[in-house]
Amino acid sequence: MSSTASLPAYTSYKNIIVSSPNPFVAHVEINRPQKLNAFTQELWLEFGRVFKQLSGDEDVRAVVISGAGDRAFTAGLDVQSASNDGILSGSQADIAKKAKIVRNHIEEFQVSIGAMEKCEKPVICVLHGVSIGLAIDIACCADIRICASNTRFAVKEVDIGMAADIGTLARLPKLVGSTSWVKDVCLTARDFSAQEALSVGFVSQVHEGKQAAVQAAVALATTLADKSPVAVQGTKELLNHGRDHTVAESLRYTQVWNAAAVQGKDFSSALMSGLKKTKPRFEKL
Amino acid sequence: MSSTASLPAYTSYKNIIVSSPNPFVAHVEINRPQKLNAFTQELWLEFGRVFKQLSGDEDVRAVVISGAGDRAFTAGLDVQSASNDGILSGSQADIAKKAKIVRNHIEEFQVSIGAMEKCEKPVICVLHGVSIGLAIDIACCADIRICASNTRFAVKEVDIGMAADIGTLARLPKLVGSTSWVKDVCLTARDFSAQEALSVGFVSQVHEGKQAAVQAAVALATTLADKSPVAVQGTKELLNHGRDHTVAESLRYTQVWNAAAVQGKDFSSALMSGLKKTKPRFEKL
Amino acid sequence: MSSTASLPAYTSYKNIIVSSPNPFVAHVEINRPQKLNAFTQELWLEFGRVFKQLSGDEDVRAVVISGAGDRAFTAGLDVQSASNDGILSGSQADIAKKAKIVRNHIEEFQVSIGAMEKCEKPVICVLHGVSIGLAIDIACCADIRICASNTRFAVKEVDIGMAADIGTLARLPKLVGSTSWVKDVCLTARDFSAQEALSVGFVSQVHEGKQAAVQAAVALATTLADKSPVAVQGTKELLNHGRDHTVAESLRYTQVWNAAAVQGKDFSSALMSGLKKTKPRFEKL
Amino acid sequence: MSSTASLPAYTSYKNIIVSSPNPFVAHVEINRPQKLNAFTQELWLEFGRVFKQLSGDEDVRAVVISGAGDRAFTAGLDVQSASNDGILSGSQADIAKKAKIVRNHIEEFQVSIGAMEKCEKPVICVLHGVSIGLAIDIACCADIRICASNTRFAVKEVDIGMAADIGTLARLPKLVGSTSWVKDVCLTARDFSAQEALSVGFVSQVHEGKQAAVQAAVALATTLADKSPVAVQGTKELLNHGRDHTVAESLRYTQVWNAAAVQGKDFSSALMSGLKKTKPRFEKL
Amino acid sequence: MSSTASLPAYTSYKNIIVSSPNPFVAHVEINRPQKLNAFTQELWLEFGRVFKQLSGDEDVRAVVISGAGDRAFTAGLDVQSASNDGILSGSQADIAKKAKIVRNHIEEFQVSIGAMEKCEKPVICVLHGVSIGLAIDIACCADIRICASNTRFAVKEVDIGMAADIGTLARLPKLVGSTSWVKDVCLTARDFSAQEALSVGFVSQVHEGKQAAVQAAVALATTLADKSPVAVQGTKELLNHGRDHTVAESLRYTQVWNAAAVQGKDFSSALMSGLKKTKPRFEKL
Amino acid sequence: MSSTASLPAYTSYKNIIVSSPNPFVAHVEINRPQKLNAFTQELWLEFGRVFKQLSGDEDVRAVVISGAGDRAFTAGLDVQSASNDGILSGSQADIAKKAKIVRNHIEEFQVSIGAMEKCEKPVICVLHGVSIGLAIDIACCADIRICASNTRFAVKEVDIGMAADIGTLARLPKLVGSTSWVKDVCLTARDFSAQEALSVGFVSQVHEGKQAAVQAAVALATTLADKSPVAVQGTKELLNHGRDHTVAESLRYTQVWNAAAVQGKDFSSALMSGLKKTKPRFEKL
């Protein structure tokens, strides 16, 4: 279990710890280490709520996420707990009815995990130890991925008889360069290492052990927290917009976005500081 | 020429051999080795038909494709044979009429080659020897690409005075990471090696010689054939869907897809086997 | 300052030199070396015009672009000059009015830089020395990127309090393989080296010094200028179209495009030359 | 005020009444008649919640919405109440900060009103009396529009100095046939009558007075509630999907949707009833 | 049964008659009048084939389609015949397996009916008598719809417990002006008349009885057959392309399309004839 | 010829008159009445320039466009003049080369006419007399269409052997409700009347004669010029954006657009005037 206590505004979560290692930096920890941080429905609903709260929290400018404990970022869905759902337990509902239940269930799950991507602040994900199944879905929603050298990655869903449905198949091919590799790991469900993750561009840094990885992530988050929030949050928004739009549409959206953004004080402050070689100070956003 | 005879259901093809090295695994060989496996219209129409048949064949769960013989995967279009077409022979039709003939001709060709991408089973493409022009169009339709160390790759079309039109220009940039590299090889028509193909992520494995590459492909296909067909085929479908859609659309499509898929027996079988540490058995799909 | 004089048709530009190191090859130099080739509005309007002219110039089949002088490709926007704009100088216009001015200003800027992407001839961009801010926006509009080993790259905009808005955020993620890396350099505004640019696929060649890089680019451009212009320009068009469309749409567009293109003489010339092993000669396009 | 009491499950809403005039039919009334049913933030948040609840309520198969009282469906935003928001009161926040507040505020408002469109059950909107501004945004989210002959319609936002932003401009042109008419009413903010609304296809029925219109809507809703919920809800989903997709995409989505839906009992029940001329009975969905 | 014999090239169809009332005009009749022209699988496979053949037939420039006999255009699917399919007969396959069968079955059906839309020649659909269910799917694939005054229309699928899946829900909202009306007829499955079809713009002409409607259609088809085939077929293609693309994309596609088309002789012939007031003669296309 | 002289800023146009019947209202007249206002290249280049100028002119808030003289809005392309172009005169260029010339020619023409759609101010188009061919392309770029009762409309291009390529086929189906009607008039090239144009929603008003139609248009433009320019121009932008985007995308774009717009003074002025029942005064935009 993490040694850090949650920030006062974040003490209501049962399975998640939110601490602040540096000003304007939040560290989110998935906190069921005794269960390899496996996800129950309660946990993923909390996960959605915490990132919605972080998104609106003026005192947070960059977020680090990791698992609590040394063994796992997360081992994915808590199958034991999930089997209480009608879907897994083979309830006798009509097929069309059950299809509706499944759709709504997956949607709720997707929306909860996707809250990390929608969070307006940049999120750095630290993978370590067991990082399989849902771990990949989550990592794909982060902006920057860093990992410990001992990380064991796998897109595991094929091995439980299903296509991954919380986002890996939609996002992973847009995050890395080789589709041949993406299909290999998604179709075979095989393990891959930190080194392989680095070489295909899934993570951008590998560190010796979880602690070093978390430290690097916090340092990077601190750098981001020092920058203009208007610039950083705008950059995240425009990069995410670009992924799902043509270049022409992104260029137009950028015009409209910056039409308000550059009228803010951050732009003139940063510009003047640049000319005067002083350090700018940015207002809360 | 290949030493293997075609499976009974696949003996009608004149230029293609389909054997089964392992249960549920099909091996497709392009079989005009004396012509470097160059494509005539007859061959590419057969190519389209064979992949449509494989897609619907319950006894096939994964496919390997290679050229027959040692010299080439394929040297591309059989220009000699193609010059019998009106397009190449300079027939005297009206320009607008000829434009229609060309459009319909390219469409038929695209649809035939694209049948490999539409095949619901995963396809592993083994490139070896001469692999130029149409070889790249074909490889881009596969799910996973493996090659022999002696492979000679080239996007050759510019050298015959035309832009490649059977799919390379549409698919290749979505398969590898560096657009600078893609434009280099597509605009210059220069050769590139197995090693270069690996380093840019076009192929995900290089093996010493064709035989080793085919063996590796068959082993990988066997692994896939052992998995739940519902999971494997769903994963292929969702990855292909994702390439051409926004993340939001893919997530929704995934909900609707899995609403039926997870009600199949594969899901509960695999899940239970996982809990009980037994090996699941999957029904035909 | 460059030692080469501009081609007769290109002498009207004040800040840009256009020479021709080889037949059908144009070399564009951004020519404000004493200001690290920083961009004034006058310069970027000229930039747009020169690429529109090159696009329509039958005597040009491939373009190389570099900065003049040894120190910089470009240091980006000339902030001193830009502060004369109302946007930076804090004029007192109404917020909605100012938003309109900003939108229109960014659009004009985007269109000018984007003229390089719209240029129908392939463009090879040689990065060297200081290559920050707008340098990246420009490089993203080129087809192939080559750099000198001493290049200092940075997506610098966050450090002046804004999200980059001339195209980097829209195009960069579609040019390289690792989104984790893209977000890292865009959010932190940190420097990255030629080697790092190569390893992520942003550039496809690194050369020892600017001169060697320019020579390599000219050689590559000469190769392209030797090919069929119908084939080369069609390939550029179809690759650019593919980036912003689904595969199905690109395939259809390709049919319609080639319906006219393959009726041109380049196709039959190149095809016949291939069969006869002679060197084809291509008409102006 | 409406004379009907809310259903037990819907008594927590302060500004909305939900009654059930017929089995499986819900009647939602906006209930601030003394204020012409103008919307406060509290009301639109309730509006979003009530449609989310109706969407998941097995005992509801069709919904009618109207205003309470005789004078208005709704006069739109309660400006008095809204001026307590920072946006209207001219607070002194930084422009970029305020832009973020506005964006998030509009999004919350859009999502609340859009919950009616996302509701899986068909919604029939009864317009009557004053139906301006937000009234049109709401009506555009309904499936079928019916109105009283005395209805006074207007897309009123231009007259308060802004472009409508809760959905009218996005949805109205996709609901009616004449863009010339749409631009006329949106740009001039002029009133239009029930008869004009009918002739352009915005509403599909006009009735003499509110009471007759509500009765017609309830009768129609009752018809829908008698049908197979699998068929009705699937039809709504596929029609809404079609609006925002190409025909090819909709056809594919339909295949995947119906793959589960036609395996439900409703399909075989209805089919058999059709053959046997009996009345089918449908399970809850 | 129709009194006309099929054209020699079209005698192999068992359930379809193709005659030629005028030069370059084909009249397709669905020919199971004793079954109200209800569709068996054999019929819809023939339907797909006949329109593929017409699309490639140089002697056909415009097509009219009607039902044979006086009672019906078509009463839709032949349910009796369809119940032999596994889908309707309640076979015991695994749910995921059955989902795959259903998907593939619907796709085959959609492709067959959609062949009329893909046919490069304009198609005029004459609705008459019973025109329900599949009749609407088919009519939506035509270019121009004409009907007899006695036509009984209905989007009937909801009444057999399913959402229409052969194209009505994807295409109908894009063919007529009022979405409120579309949802009304699709959700209620109610009948609507020729007059209602005219007033919402679904058909563009109503004639007294089937014979008059067919005559009007043949006259219109004859007019089209007299025009330049390059112009007519290009217009159909560009209008269909426009439905599924943005205006900017359609404009670009139009440039590329016409780049070949206006080089044909039809353009110069028609232009010269216009100047000289003579009647142009167009080559086969 | 028009009796009005052009505004001082607009005297450089040879074929276009721009007058101002009311403050903030511009009246554009196509001024080649002796040639039925047929378009030469000089005219359509001026057409593009004049609308670009109007878009940026603070003294213009609404635009009316008509033909000069009584006989025609425009008879379309001036074929006599156009035959000087290589395309029509049958020059001997290579087919691929000619295809490029045609593409670029059409693009330039499309961009010129499309400048009216891109103009940020609303444009009311008054059709009268002969209004064929290009007249429809132009009218489709306007926001609101009004016509004289004597107008003779036709989508005439099929009769000169080509598919219309300046925008009618891309825009017309998105402007009116009945695709059956659109295909009828586009495929047959037949005339249609003012009354028919009104009944299908192509125009929204018909007036007795040109003069009455122009007066009505000026009155409408004056109404628009009286409104907040921020609101009116934002409404035009968002409606045009909506045509080419999904509802979800338009809603997001609206949030970002209004984030700046509602911070302008027009919003608070109009709002306060509404509460105080005074007439607001709007700044130039």
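In this document, chain identifiers A, B, C, D, E and F correspond to the written order of the chains, with residue numbering beginning at 1 in each.
Here is the rule we go by: a contact is a pair of C-beta atoms (placed from the backbone, for glycine too) under 8 Å apart; a residue touches a chain by one contact, two chains touch by 3 or more.
Composition by chain, UniProt nomenclature: A, B, C, D, E, F = Putative delta3,5-delta2,4-dienoyl isomerase (Ech1).
Note that this is a predicted model, so its numbers are computed, not measured.
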For chain B and chain E, chains touching each: C, D
Chain pair showing more contacts of the two, C-F and D-F: D-F
Distance between chain centroids, defined by C-alpha means - chain C, chain E (Å): 48
Cα-centroid distance, chain A relative to chain D, in whole angstrom: 35
Whole-Å separation of chain centres (CA-atom averages), chain B against chain C: 34
Chain C residues counted as touching two or more neighbouring chains: 95, 99-100, 174, 176-178, 200-201, 230, 243, 248, 256-257, 259-261, 263-264, 266-267
Touch-based graph of the chains, sorted into line, ring, star, complete or other: other
Touching pairs among all chains present in the structure: A-B, A-C, A-D, A-F, B-C, B-D, B-E, C-E, C-F, D-E, D-F, E-F
Chain B contact footprint on chain D (complex, rising order): 253, 256-257, 259-260, 263
Residue ranges of chain A touching chain B (in the complex, touch as defined): 79, 83, 87-88, 90, 95, 98-100, 102-103, 106-107, 110, 114, 157-165, 167, 169-171, 173-174, 176-184, 186-189, 200-201, 243-245
Interfacial residue positions of chain F with respect to chain C in the complex: 56, 94-97, 99-100, 104, 120, 230, 260-261, 263-267, 283-285
Chain C - residues contacting chain B, complex: 122, 143-145, 174-178, 200-204, 220, 223-224, 227-228, 230-232, 234-239, 242-243, 246-248, 250-252, 254-264, 266-271, 274-275, 280, 282
